[in-house]
């Protein structure tokens, strides 16, 4: 088992962890954080798997992808946070209503 | 596009375009609307006249537009379609005049006449359809165009009737669609051909073909009001009288019956459907419908309901004529397609006149109405006797050929059905006549409107008189050259000639 | 020229009364009923044997007048109708009724047309017109008793027309064309004329009121106004008998058994007429019994003719004379009766209505109607009630379903459940996708 | 003209328009409309090019795969671009009326136009992307823009709906991205064409497939993952609901279709059956839920759930007829659903509410709008003559030909269900309601755009041969069929 593979496994672990948090936590901030953790997990997987052949220089393409991904994730987080504030302003709670609309 | 290809389109357009324009007219522009309507109707009649002349002399009018790869939108004028086109365009003219009179002063007329024209367009499309998919297309269009007319009054009752109508017709349309698609996957073509296009199929498909036949006929039977699919028709009588006329005589039920004729003749072919063994059950269903409709009509006090059940019974004659599977009975069925329309429209016009002039809706309110409205009731009487099949009116000719055709192919039981139906017809129609002509009037009418010296407005009176006269003429002049009978024989020759 | 004229007359004879039946067309004419008879009257003077083909009319028909029975009958009809037309509007206390005239003229047209018809369809058409016209005449001109008689007559008429229609169909299926002569021959050669014969016999027996189907005749004679009663013998009965002569393959077939039965019926009718007439001798009933008697006589002759063609060929004309004599005899009796009654104030016989209020022959129809109405109102609500209960059950079930649906939708909308479900689905997709590989 | 790089222009033009709208908010309506017209023209140019010269591949900046970004336009992408352009133009025109005078203030309109233009950019880029990573980026952009548009309506419902939508969207994208990572690791490329050549079954591929398909299903809102859709679609402003239902959910379906046909052609039949089953469940569930709704926009949103189910029926059928049927369904649904949401927006605008039972003679008072609704309904029901009918016909034909008639049964019953709710609405529109309410006039542009979109949905039924011929260009279906 190469270290790269280990990293990848850690990435998957982060992903799962984030997913778990996304499911169980009601507060929106936690959910947003969970999403961010999941994103980090995916990026970790991408970066780790870039070393595809033992010893050779890692493939640069996944790194470019990760950078793009991070940019996307940052903007998404910004939007999510702004929305969260709006939700709090409108409903008084930073949680999602569990009942559907009447 | 040359003239021959454009003519079927023009026939469609002659009602479609006025209809579309009428939608955008304001309520007050009565004159423009009426002019447009009548101009469209007359123009259509003239075009149809040209078309008949051409078809009789062997011209081919055919419009072909691609619809799907391998499937065309095909409009074609053949002898059978001309029968239906002529019927609907003549009756459209008459009904338009009637509707103009009937709806005078009521709201939403632009909408009404718009959909009215759309309905006729769909009917003519059904008639001119040259393949099954085109037929399905216009058939569904007809369903949709009739719905706003049924709910026109906007009452809760009308909405319920509309819902019932839709439940039946949309389900029927669905069955038809399934049958059509299935047929297409088996045969690879849907184009109507004299004597059908299926007989060449492999014998292993025969069971599928039987099932498809059932699907198609059930889908069409909804509109043709075969039992047990007739439930919508009596309910739909809440619609204004011109709409009832349209439903019962010009468009909807006729489209169903016509479709069955098409399926039996031009999809399956007479011989082939007989060999599949599907015609006898169809005949039995038709016979049951004839008797059942008449039985139910006996017990209706509401005049239009009684007429509606009578339609259930009468339209099944057409199907019976086709299902008996003989050339003579076929003539009977085909002429009844026209005869029933003319007779039933007379009756509905008269019922509408009674409702509009005197507020009469029930049979029990009709005592002595013959003295108040003699012309209307004369037309009604002619219609009734035609329905019973009294010579020399149109209904007699139909029954004559049906009975003769049944004897011709050794299905003697049919004449007992005819006799029983005539008996029942007499039983539910003659008391109306008796009450109208011979009983003393009750004194006041439910809601009388005065029209001066005349018994009612001329636009209401003229249409039933015209159609009553047609009823008489169709019977008396049945054998005349270029008459309806000749045309029906011309059609059946195609199907049956060796 | 002569042929054109006679053809015109042939057409006009039924057509003129038909046209004049429209009130608007006759409103300015003096004595329209008499004018309507004129073409027929002139037709009597035309040399015999004229006929005209009308292939475009109906199913192809024709009109003509033959030498023997037709001419005689036409003469009789013209006479009696003229008489009746004179009586129509002169009865005391009866205002001139426009509807009555219309019915009268319609019936007249039917009657003349039936006599002049040269084929089955024409005869049938005109006789139907005559039948309904006569029904209307009975109803329009009569009192309650006449109406009741008319109602029975109508039922018989409809049944008779149905039977005759069937016979017509059989004839059309057998014969080449529907002229009287060719049908007669075709039927004589037909392998199984039984159905045709019985239909024709039944149909015309119903129309003619042959015993035991005479039930409508008695009240009709008793209660209708004189002009109508005068016509009773000459119109429905006589034309029905004429129909028998024209439609049956008499003189061509030999059916001893059927003939014997018919003869027996005829004799029985005569006996009945004599017995009943003697028992309840009254001037008002006499014409009816006379009619029954003569019909019985006619039936006997017919039965003889059926059993032995030879007899018919030799003495067939007797039947026609019988018909004519029936018309005249009845007419004379009625006229006498009317004259007598006119002297002692014709009234609608109110005291006689009490015991006639529901004669037995009408009770069955009432019973059937009542039964049918019960069928319609009783069983249907019961059915409907059961149906409603069913619908209610269905609705309740639907409501349960709806609640379940709503509940599950709410469940699906919960974030935690939804995301878990998503995860599950992902796993299922991987699993299912990998299935083939494993 | 043939050497113009239409694909790039098609992406850059709305982007430029969006920036311009952002910079000159006062002119945003004019700028937006001009851009919309321009995009339509450019898509037409691209279409002409594709029709003339076949499928186009264009390497941005001349780099080319595997390193650079490739754009690829075949019949399928062209069709998607076209429907986006046409629906987008309609929505732009409609919005010019809706946001100008609606109770939405000037600032909302100011926000709408740039975001809408960005969304359009993302859509166009998505349909032209030739590699799966670009698909991820565009998908994410699309999701973010859509969320902003939903939140534009303001109010608790809309903001919560938007939030939920955002989380779902991110979650789905992350799943997809993980799948991309696995695929790239296995085959060293993200280019679809290269992957299609190299790909072969392995555990990593199965995992990638599961992740990507699940993520995309979530974003396509296939039952039972539709939980976010009704609240988001129903609470958004009408033009936004229209474009979400018509275009945005279709984008993820498009990706799914591409992957399924090109990268995972070896996916086994059981998976296809599973997707079909979920589709069938969606048809029924969505139909029933739509029937149960009392508010018009909610009803239409649930009908979207049902209609998306139809698209998945093509998976088990796996024939060209089936795929074209599903795509035709997608087209006609886009047009019809746009018209329907626009009509719902009009009624909302008109009466201030969208309760179905209180439509109160809408037929008389807003004939154009109700006509639009009814015509769109015809297409949704799949009655002739309409695009929906053609789609249904093709799918039915495919179902019967493949001997799997039960999928046909699903189609039929689904059609009946949609007929039930369409006519429920139309029926109430004819009758008088008990509680009358005040009404205000709807701008003519809004009514007419709705009607035009509905007419388009109907006309799609009459021009099928040309559109289907378009699909043939570089068709991925043939390839799949041959393989």
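Worth pointing out:
When the chains are written out, they are named A, B, C and D in that same order, and each has its own residue count from 1.
As a working rule, a contact is a pair of C-beta atoms (placed from the backbone, for glycine too) under 8 Å apart; a residue touches a chain by one contact, two chains touch by 3 or more.
Everything numeric here is computed off the predicted structure, so don't read it as measured data.
The minimum number of touch steps linking subunit A to subunit C comes to 1. Among the chains, the centre nearest to the mean of all shown protein C-alpha atoms is found for B. Chain centre most remote from that of subunit C: A (centre = mean of CA atoms).
Separating the centre of subunit A from that of subunit D, both taken as means of CA atoms, is a distance of 27 Å. Averaging C-alpha coordinates per chain places the centre of subunit A 67 Å away from that of subunit B.
Here the spacing of subunit C and subunit D, counted between their Cα centres, is 70 Å. The residues of subunit D that reach two or more other chains are 164, 171, 231, listed in rising order. Residues of subunit A in contact with two or more other chains: 19, 22, 96, 100.
Under the contact definition stated at the top, the residues of subunit C that touch 2 or more other chains are 409, 413-415, 419. Under the stated contact rule, the graph of chain-to-chain touches falls outside the line, ring, star and complete shapes.
Pairwise, the chains that make contact are A-C, A-D, B-C, B-D, C-D.
Here subunit D touches subunit C in the complex through residues 164, 171, 175, 201, 203, 206-207, 209-211, 213-215, 217-218, 224-228, 231, 264, 267-268, 270-271, 274, 285, 288-289, 292, going by the rule given at the top. Interface residues of subunit C, counted against subunit A in their complex, comprise 409-410, 413-416, 419-420, 423. The touching residues of subunit A, when paired with subunit C in their complex, are 19, 22-24, 26, 96, 98-100.
Taken in their complex, subunit D has these residues touching subunit A: 66-67, 133, 136-137, 140-141, 144, 147-148, 151, 154-157, 159-160, 162-164, 166-167, 170-171, 174, 177-178, 180-182, 184-185, 188, 190, 230-231, 234-235, 298. Contact residues of subunit B toward subunit D in the complex are 23, 65-69, 73, 107-108, 111, 133, 136-137, 140-141, 143-144, 147-148, 151, 154-156, 158-159, 162-163, 166, 170-171, 173-174, 177-178, 181-182, 184-185.
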